[in-house]
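Both complexes below contain chain A, partnered by chain B and then by chain C.
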Partner chain A sequence: MNRTKSKAFFTSNTMILVYVILAFSVVVALRQPAFLSPATPINLCRAGLFTFCFALCEMLVMITGGIDVSFPAIGCVSMYVPMVLYDRGILPDNGLYFVLVALLCGLIFGLLNGVLVSYLRIPSLIATLATSSIASGFLAFAFGVKDLTAMPTAFTKIYEMNLVTYTDPASGLSYPLTVLIFVPVVLAVVMALILRYTMGGRGLYAMGGNLSAARIVGFPVRRLQFTTYIVSGLITSLTAVMYVILMHNASTTALMGNEMLVIAACVVGGCSLSGGKGTIGGVLLGTLLITLVQNHLNMLGIDTRWQTLAVGIVLLFGVLMTSLQAGRGKGRV
Partner chain B sequence: MGEVFVELKGIKKAYEGVYALKGIDLALRKGEIHCLAGGNGCGKSTLIKTISGVHEPTAGEIYIDGQQMNHMKPLDAIEKGIQVIYQDFAVFPNLTVAENIALNTEIKDRTKVVSYKRMRELAGKAMAQIGADLNPDARLEDLSVAGKQMVALCRAIINNPKLLILDEPTTALTAKEVQKLWGVLRNLREQNIAILLVDHKFDEIRPLVDRLTILRNGEFVSSGLISEYGHVRFQKDMTGHDFSTEKYRPEPSDEPILSVEHISSKGNYEDISFALSKGDVLGITGLLGSGRNEIAEALFGLCPAESGKIVLHGKEVKLKSIKDAVKHEIGFVPEDRLTEGLFTALPITDNTVASSLKKYVRAFGLKSFEMGENTKTWMKRLGVVAVSKDVPVSSLSGGNAQKVVLGKWLNTNPKLLVLVGPSVGMDVGAKAEIHAILRDLAQTGVGVVMVTDDLSELVENCNRILIVKDHKIIKSSDNSLSKKEIEALLMGSDQKEEEA
Partner chain C sequence: MKNPLARNKQVGTLIALMALVCVLMLIFCPGSYFTAKNAKSMLFQFPEYGILAFGMMLCMIAGGIDLSLVGIMNLSGLTAALILLALIPEGTEASAEFTAVALIVSSVAALLVGALCGLFNGFLIGYFGIPAMLVTLCSLQLFTGLVYGITGGPAVTGMCDAFKEIANGTIAGTFVPYVLPIFVIVLLVVAFILHKTKLGREIYYLGTNRKASVFSGINTLKTSMLTYMTSGILGGVSGILITSHLNAAKSSNGTSYTLLTILIVVLGGVHPDGGKGDVVGVTLSVLLMQMISNAFTLLHISQDVKNFANGALLILVLVCVMLIRKVEEKKKAQQ
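Coming up: the complex of A and B.
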């Protein structure tokens, strides 16, 4: 009994993912010893921060059995609208107002997603595609394409707040780790607790596993779904604010094209496209793998132009892994 | 007899103007097992859904504990103590046994914070009550059908139901699992619970139920104590006409169709040989895991033989993959038809022609008129009850959906047709129809091989029988065997298996 249990553990998808990450790291480290420097984890944190936050939103939606492709556009609206308002002097030099406006944008578009999916019963892919078009269309129509860089002084201060800074003795370059890293950490912990220990959280898994059964058992299915999209919109806008702070820049298309990457991180991390599956730990590992591939492929001497292809391969690997596992469960494929 | 718990008077229900129920009366008593029987699509599931508040009846009255119910919702029914185990069990494949059992109660208790310890305790208590022994932390997707059903039962029991409804609980169970389920239900009857059961296998329900109600095409036909019914009346009331259960005895022929010589596949089957001539219907039976399904799958390239040879119409054929099998015009009706054989969102027509599209290809597009005509013919021959050929399969009743899968394969005009459980879930009328079709096919030179658990089906329709045990043929007969003899052969070393 115990033996089979531990065997199941070592061959679980999560562990396979860990092996792949380790293998990749070892290969990179062998070719480029610099990989082992403390700068690497700091870089990974910085690069993976946004992907991870978006992946958390995506995971929520995927657990309920949907898919969300609107977060890049919602994120862009949530960063650009307050940026413009600040630029034109409508918003005072106060970070809080900025955040509130951003959250409001996230709320509005999250609401739109929620209404389309849970009340009008439009398939989530179509609904979020529509929301995405509306959001980016609105940006292009109202503001054009100018990049903005002026932001509240509070943001500049946050930008300068670092947890640790590592200075490379050889090159003299410094690698700061922002305090904003706490945001995804807190988010992840809170979400993990909600998903595992509240009825609402279990309801998300239940409806992803069997929607009609969830209804029969008495879960408020529509309300749960609706809430999911709103929460997802809010987290997206929060992430967009962090982007502004860390990148010192906002544009109407800054986040566009991220959806593939984020969906890949989720799927590789064990979220099922048919719903009902997904854990924070898995998504964290998935994000780590994707970020590693994205940032360190060049260290293997592979041209950066291959990045998209590489992400595609990783995504395929993730999907294959789940379907193989499902086949194994059935005994025969 | 116990007091009446639920009473229905003149229940009518229309789907888009078509009546699925045309005025049904029904009384369910405490401490009584009541069986609802009737042909596929006669409205049994629909009736259940009106009792459980899923569908509101178009007309009629529902009384629970003497109180009239209006605009009943599923939660109202649950609060009144009505628990339903649906045909598909409505369980969560991605959650654990404990969660599946306890979530419902947690919602009812308006729990906000989940305690896994409490859920495990609740689940343990429910499992003890019905004598189920499952790992509370196992995921449902890893359980057998019987296991999933036990979970569904536990979930119902935990709510202290006064009425327990089971919609076709035995379709996917083996004979042994059915006996276990009956034991559980008898035990619940002792606890003064009313039980309503949908099942149309008379032999199966006779030892269990107290009362029987039969529907046909949405109408009430008869109702009474089970002792008032025999095989003949049961079949007559179900279908409206008598059936002869004449055994199939084709003219002997020496025109060979299929010959299988010493095929083996390690761990699946060993040294299997049999031959099939024109007119023969070959039946394979055996216990679960005996290798009976694998032998059938060998003929469709799903579980290819590693040695030995297969000769079809005088030519040796290699069946290493489904592609090979299709090339040699072999049709295969799988056991799990609902998930393996259908595109449920698509209309009946598309499903019927799905495996024979080649027939309908012309220079530009498809011959849609012929597709429709052929579909209509099969619907008529198989007795598919549906509004039209253009409705999605998802709107069909369970039994009718299965008929569509069969039609799909019959429409390919196969040279050899392999069926696993050809009539699982079908009512007597449809069964008889399918058996007649299979006999016809055999007479016209199509090889018919079926794997079945249903011994009546086996002895009545197969003129050649193979009994498989531990991956070998233990008996090959030209059907001089009776059901009893076959049972004895199957059970021979059964005791041992049970302990293992």
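Coming up: the complex of A and C.
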């Protein structure tokens, strides 16, 4: 590796992110040695699981040059509708049916987003904001707002399946790592391969970089965009099912408010709102940073009430970093 | 540059829609809709989000968007509440003069906070060239986080009665609420800025063609800072109103207003890409939305259905806008 190349590597967005994460961890570890226990990575995995899955959807949409703020609402619909159906005895005690209904919900709203953005060409933010409002309004109106906890027995079994369980010798608390951690791993690997090696994946980056150019080169841009929103809806509903399994609970607003967290993770991880940028590795690091800040702020002696602000500051940091790296593009509104 | 026919069409459509609401309500519940009491309650409600919608309108005409308005609203509302509580603690009585001074000081502080928030947005957008959507999404999180951090969750309450009067009182001897003249003043000021000042022209140019406006010598940094500052001040006005109306300042007030204001602005003829729209359309659209929302309340339709309807309406309007645009483009291509 020649010198300029290695210099570029050490000052790249990704490496800056790594430095920040390391610095944060060191500071936390100095103040609270308990941070170094094996319980920390297990906790981080559990807390970051949903954020990472949602961030993968968001990344896909952002690569195409859009933004999606509807996934919390879509997630709520796809966890709550099968829950209600199961609760009322309409769905049998079979996890598969549950997942299918959830995926169907995700598909419907993903389709709606796709049609609005790619065929009717409504700006993605406004379209997904509207979808979000429609989804959550529909949910609360049609199914009520009661919290539900009854779920298929298969889900309880999955909940009890753990890869490793770490028991803290001092406190006796155990920290299990769920097998569901494989879902995001598989998703990430598959997605990375598709984005890197398939024509469709390259097309997503191409259209995010320059839509007209991508069309002229011959990418079916509308169809690609459409597919992106559908895939995003499906992954969202899958994540919602995982939420039900791990949290043993479903409510109509369980995931609401998650969108900022996820957008922050993506932006910090190097996705650009103008499209064409974003890598799985970056998003993983972004999720890690956000989850660290969220979970360990109190270890620094900062009250949890400042969590929202902390996420905002991380987001601001990501926004500024991305724009400074891209060079100052003066003269825009 | 402006097409008077298109504008009249927009105004005509909005008035027709208002007439439609009236006819529907005449059929479904004539007894309660066309009453003085109902008219009065409507007059109290719309200025709060109508003023926010003007802020959103300014930013959208300039080709941006201001998603942080609700955050600005809550932050400046909290500022007003805290200053007022510091001057007149809960449960104490103050003389009329002192109360007036306290009200003015806290309101000015709220507007200042709004202006600062807006300047922050405008600076990031104009100086770094970051998309407005991302900047304001980020600052929404920051402002909301500040409010949540300061209050710690529960609402700040116990402001003096005079403060409650701002949004809940009427001008002595009439049924006109104080908020109505405030709304009219804001409307006139925004109309003046847009149509009679250099800033207004620059906002339109910026939204129509950003590159061209840079090359024609417009200081885009200054323009975007002023645009977002104005929007922030309007957020501040709204913040005072909502805090006074609910007599409580907290981080989750008015969260449904983001979608509502975007809906109002788009319905009022402002194109999300910028450069189009004016005060008349948006004002009519504010009134229309108030009529619809009021009709829903009287028909005992829940807030959830309202949210659903707002989302569906937004999509419907945008689909219409896009279709009309396509037809126009085709016409142009044929010529």
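Here is the rule we use: the second predicted complex is superposed on the first by the 326 of 333 C-alpha atoms of A that agree within 3 Å, B and C clash if a C-alpha of one lies under 4 Å from a C-alpha of the other, contacts with A are read in each partner's own complex, and residues count from 1 in each chain.
The rule is short, and it goes like this: a residue touches a chain if its C-beta (ideal position, glycine included) is under 8 Å from a C-beta of that chain, and two chains touch if they have at least 3 such contacts.
These figures come from a predicted structure and were not determined experimentally.
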Combined model on chain A where chain B meets chain C, clash or fit: clash
Which superposed partner A:Leu49 touches (first chain B, second chain C, both, neither): neither
First, second, both or neither for A:Leu292, with chain B first and chain C second: neither
Chain B versus chain C as contact partner of A:Ser136, first or second or both or neither: second
Which superposed partner A:Thr198 touches (first chain B, second chain C, both, neither): first
Which superposed partner A:Thr308 touches (first chain B, second chain C, both, neither): second
Which partner, chain B or chain C, touches more chain A residues: C
Chain B/chain C common contact set on chain A: 329
Parts of chain A lying in touch with chain C, wherever the complex brings them together: 67, 116, 120-123, 125-127, 129-134, 136-141, 260, 263-264, 267, 273-274, 303, 305-313, 315-316, 319-320, 323-324, 328-333
In the complex with chain B, residue positions of chain A that touch it: 196-199, 201-202, 205-206, 208-210, 212-219, 272, 276-277, 329
Chain C to chain A touching residues, read off their complex: 62-65, 124-135, 137-142, 144-146, 148-149, 152-153, 206-207, 210-211, 214, 220-221, 223-224, 227, 251, 258-259, 262, 266, 272-274, 302, 304-312, 314-315, 318-319, 322
Contact set on chain B toward chain A in their complex: 54, 74-75, 78, 84, 86, 90-95, 99, 103-104, 106-108, 111-114, 141-142
